[in-house]
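The structures come next, written out as structure tokens.
Shared chain: chain A. Partners: chain B in the first complex, chain C in the second.
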Partner chain A sequence: MKKLLTIAAAAGLALAATTLGASAADKLKVGFIYLGPIGDYGWSYQHEAARQSMMKALGDKVESTYLENVNEGPDAERAIEQLVRAGNKLVFTTSFGFMDATVKVAKRHPNVLFEHATGFKRAANLSTYSGRFYEGRYIQGVIAAKMSKTGVLGYVGSFPIPEVVSGINATILGAQSVNPNIKVKIIWANTWFDPGKEADAAKALADQGCDVLMQHTDSPAAMQIAEQRHIFAFGQDSDMIKFGPHAQLTSIVDNWAPYYIERAKAAIDGTWKSQDVWGGLKSNLVVMAPYTNMPADVKALAEKTEAAIKDGSLHPFKCPVIAQDGSTVPCKGGTHLDDGQILSMNFYVKGIDEKFPGK
Partner chain B sequence: MIVEAIILSVIAASTPLLIAAAGELIVERSGVLNLGVEGMMIMGAACGFAGAYFSGSTIAGALCGIAAGTAMAFVFAALTLGLAVNQVATGLALTILGVGLSGLIGAAYVGQGITPAPHLYIPLLTDLPLIGRILFGQDAFVYVSAALIGGIWWFLYRTRAGLILRAVGDNHASAHALGYPVLRIRLCAVLFGGACAGLAGAYLPLAYTPFFIPGMTAGRGWIALALVVFSSWRPIRLVGGAYLFGAVSILQLHAQALGLGIPSQLMSSLPYLATVIVLVLISRTRATAGSAAPASLGMVFVPDR
Partner chain C sequence: MPLVLERRQERSAAIAVISPLLAIALTFATMAVVFAAIGKNPLYALYVYFVEPLTDGYTLSELVVKATPLVMIGVGLALCYIANVWNIGAEGQFTIGAVAGSWIAVATNGTNAGHWVLPAMLAAGTVAGALYAMIPAICKVRFGASEILTSLMLVYVADFFMDYLVRGPWRDPHGMNFPTTADFDPVATVPTLFDGSRVHAGSIAALIVVMLAAVILGRTIKGFEIRLVGAAPRAARFAGFNANQLVVFTFAISGALAGLAGIIEVAGPIGHLQPGISPGYGFTAIIVAFLGRLNPVGVLIAGLFLALTFIGGESAQIALKVPLDLTKVIQGILLFYVLACDSLIVYRVRFIAPQPRAATGSA
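Right, the complex of A and B next:
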């Protein structure tokens, strides 16, 4: 179904863009591909907010279009191709699953610049960018361990890809720094976006005794369940305090706007170069929503942790990192795991009882 | 009580499927195949939320959802019954229209909150251990779904009107020859199906997850369509199908949280697997599998005089 939608949308867009194209030849045309609907109040919502900030900042120098609800898979390639054929010279593909499709289209169109979020395959005209969300997750782990009475955290995951896994590990490492015996229950929803299913997963976790919920899926459903059950939760991607005024402890907010503005400017000036940017708390790409619903000492600890991560004195994956099976993970980054290890993380740290998916 | 909690979650997950499928069952029994359930549901969700947001009342929201679903169904009826357009293509188009239009209507409400549908509370009865909240502590949608199934069963098998509806679905030419207004009967069935789909859609933002997000039906309309086939067009079996699907969906989440170590991808596919397996098992016992479908299902009818 979504397939048809995407094709229809892409075709419609291509038509619209070709008719518009002639009048605005001197403007940089920027295309965006979103995984979910822009109203998901999470991942795609934040990308769309950043696109709008970019439009505001650069005014009449840019023109932009977006395709939402694009499935990861063969459809993505078609959708990206359509954006290129519609004359977009800079294309942002904003989900991990668009990686191979982006690489393929980038190869066919060497004159078009591509930016792929959260991936690791690059080319002369293909950059990658992502946020160090694990930094925020570490802080959440610290807070969660302080706030949990049962000592059991609930985690709704989407897919067991490195980005999500490193988030789980960072959370647990943060939590262990407060309470070494902290436990976590993990449910894989196997979807990024299905509010009903996300809510069901959150309910199941709450029913099984978890009293702090965190999620790595895209809607505020889990937050709302936490509010109903009078337990705590962390938001995801955007500030979800509206959905959990008494439940939200904080939220990791994706702040893509500065990056999009910078890259669009670079493309206009002709200074665009392929790169790999991984911004975190320090570079303001990852921002923590206000610390709420917690006592002053927990808030102080959270702020202290945030400051330590920002000034580099604390790394969430500081060595030694002990894997689930008890082995020490090789310390390639000197005092902490290096970026490659974090970007390809496919193991759980010690303290997580669940089996790693696929192992 | 973990068992009670699981059963409550199962009921919540199954109710929208059951309501939407019940409506589609009547539509298909009349010989019309409306593949636009997903589109009617999501419109019901958007308009239902909008209605509840402005009025502050769940009932008003539900009525708006029903109205939206019915309006969508009317478009479908005008095309397929009035102009004899292909039903499959129109149904698919209806879904695309619904998904897009609901996003447009709902855009203003993203991020807004409403009070979720109230749950029934009868002193003493609701406080009964285990069965209290399950039988006497649900929201109105759940009781409506039960009444709907009972009503449909009674209508199909115990009333003359139900018999006529089935006749129209099985052989529209004969029904027409007997003097029954085939198109008018089908119009009523299609509108009823739309009302049910709209109500089922409204359930999502009014009771299940009290907020609106575009695309929040996430394929439930398609599941409802499949459940109608699963039920071999029988209302009682439909309940079994919807609850089987809901139960496996919830149980797999609990199994994951228990950390049983079964791959989550397999778990996520379990509701579908279980439904297919049960379907195979029940149709195996039938001498002629598949013949349960209304004989005129999906066929265009143009009265010759």
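Right, the complex of A and C next:
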């Protein structure tokens, strides 16, 4: 028995050595850390889809691996470090909660390049990137106000962080441009991915008379509830039409692939530089899924709104923006709020009756 | 030739030692089949899972970091389970310990508090964990409530209590509304032992806990009481031991250890209080306790082994491109075999030769 074990161990060692040796040849190794499972059909699913597109586009110039379901707690730092130690030279950490862990590992490995999604801490070897999802939210607000009969929208939130809050505000501002008296009910699921909780929140909103649902959580649960209840909903992160063939109006699709391809190429060419990218509809990082289940006039209005945001003639946070308490928000961007104000948004706009969490 | 399980006259001491090793061997064998079935070289896969992490200083240090809370909780649970007391709620006691200790860290955050902060936090976490664990214990001895249910349900109470705190009164005012407290001050942080690794003083505390528990169990009256109440409750009553007091005592001890593990984890590798501080440590520690044969030193080994499955699981995701779910499958298979092999301690397998039918048929 002991001899057998020794042979087995030796065989394993030999195999390991050959495998490692073969993969070391000149390919750029790219690592990804996902918050959820790759099958969430939302946030992590889109990042994984983009990784696969990158693999297809760059062929044998790259090799990639991912770790899914990585907890934003103490495990994150080890997971990132493990990717680096496995030889990855470009690492994408795809959730805000990985920020401090990414910063720590990046500091230890100055010759490895890091890309952190939705964060704000950068270094010479650490870039940040994100999408202007609020642009898509504004369009959704316009559509929702047109489609709602009850005049009450339902919103499943994850955490009251600026990104989610700016999404809610953009939705309401878009909706108010159609119906100034639109109402919204918000339920915080307090999770990014928990289909059970998300579904419960969606059901509660539907029970309270909301007839258009939107969500800032990662699974298609809310879409499925909307389909069951014969009301409308917007998808999140990916095109969720197969979960709501009669319910989905459109979906904000995160289109990371072009960015991943571009950054991997830059890393291969040696032109990679630390940067902060915040792309929207215009740069194609945020894409609207086809406008479905709506009359032609609503679809035309949605397309018009999308075009206006793209050409810059419409900014979702155009001044004046009135806060919930009636005060006018300082207009730091000239004709609209500036990026800093959007990135740190922690107030509701006028027209939202809910209390801002923690205030 | 039918197989029967036959009760042994005595527990088999030899099998008690072999059983966990047999379980691990069977797990390896089963995993080899699973790896082969999904088209991975089974030898290489087992190497990546169970050997590679041991060949590198960094992964070894992470192994210790991961095993520390598992061992600390597992030792406490082992004391409970030996006495036939079923604390399933260590996860909740872990959380409450983390919350109680964090209270001091949050209250002193940004002040020039001295070096008393960390000891006070550790003490608060330990005491809170013990008190929280005594709720199901007292419910059991006073009202006869099943401690399995009450201790498990209190896990969710603890989770939501922490949720409330980090989303409400304790939320970091500069944290962009994320549900987390501010980072703890240096005086409220468990120091690391080496530069460049996350191994912290808590690991030494875990070792001390293992040694103390081994001494208490093996060499003190209390340890004798725990073992006797578990093995022969009637005899223990005649010996004058009070089983109810022991329920409260073992719950308090295991709660204290879980609470201590909680505050160490929060003040150590995490550095602030946030939801998701535990990836199920309190539940995984139940596996650790049984895999370690409810023996403190065994728990230490089992804790390290289970940590190895986590770290190896990550290596395997990277090197073999297998899903995370496979790690959970491994842990499940392991627990299954541990329990199955344990039945061999009390039972023996016998083959029964078929009786000739003719003898009865002739009448």
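By our rule, the second predicted complex is superposed on the first by the 336 of 359 C-alpha atoms of A that agree within 3 Å, B and C clash if a C-alpha of one lies under 4 Å from a C-alpha of the other, contacts with A are read in each partner's own complex, and residues count from 1 in each chain.
Definition applied: a residue touches a chain if its C-beta (ideal position, glycine included) is under 8 Å from a C-beta of that chain, and two chains touch if they have at least 3 such contacts.
All figures in this text were calculated on a predicted structure; none of them were measured in a lab.
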Fit-or-clash call for chain B and chain C when the two complexes are aligned on chain A: clash
Touching partner for A:Ser219 - first (chain B), second (chain C), both, neither: first
First, second, both or neither for A:Leu337, with chain B first and chain C second: neither
Contacts of A:Leu35 with chain B and chain C, given as first, second, both or neither: neither
Touching partner for A:Asn69 - first (chain B), second (chain C), both, neither: both
A:Asn346 touches, of chain B and chain C: first, second, both or neither? second
Partner chain in contact with A:Leu83 - chain B first, chain C second, else both or neither: second
Chain B versus chain C as contact partner of A:Ile161, first or second or both or neither: second
Chain B versus chain C as contact partner of A:Pro357, first or second or both or neither: both
Which of chain B and chain C A:Asn190 touches, first, second, both or neither: both
Single chain B stretch clashing with chain C - from 26-34, 44-52, 224-232 or 242-250: 224-232
Common interface positions of chain A, toward chain B and toward chain C: 8, 37, 69, 160, 190, 357-358
Interfacial residue positions of chain C with respect to chain A in the complex: 41, 43-44, 46-48, 51-52, 56, 58-59, 62, 65-66, 163, 167-168, 171, 176-179, 196, 198, 265, 269-270, 274-279, 311, 314-315, 317-319, 321, 323-324
Touch list for chain B against partner chain A, complex: 2, 5-6, 9, 12-13, 16, 38, 92, 95-96, 99-100, 103, 106-107, 110-111, 113, 116, 204, 208-211, 213-216, 218-220, 222, 249-250, 253-254, 256-259, 261, 263-265, 267-268
Chain C-touching residues of chain A, taken from the complex the two chains share: 8-9, 11-13, 15-16, 19, 31, 37, 65-69, 71-75, 77-79, 81-83, 85-86, 96-97, 108, 159-162, 165, 190, 344, 346, 357-358
Interfacial residue positions of chain A with respect to chain B in the complex: 1, 4-5, 8, 36-41, 45, 69, 154, 160, 185-191, 193-201, 203-205, 207-208, 210, 219-221, 224, 228, 242-243, 353-355, 357-358
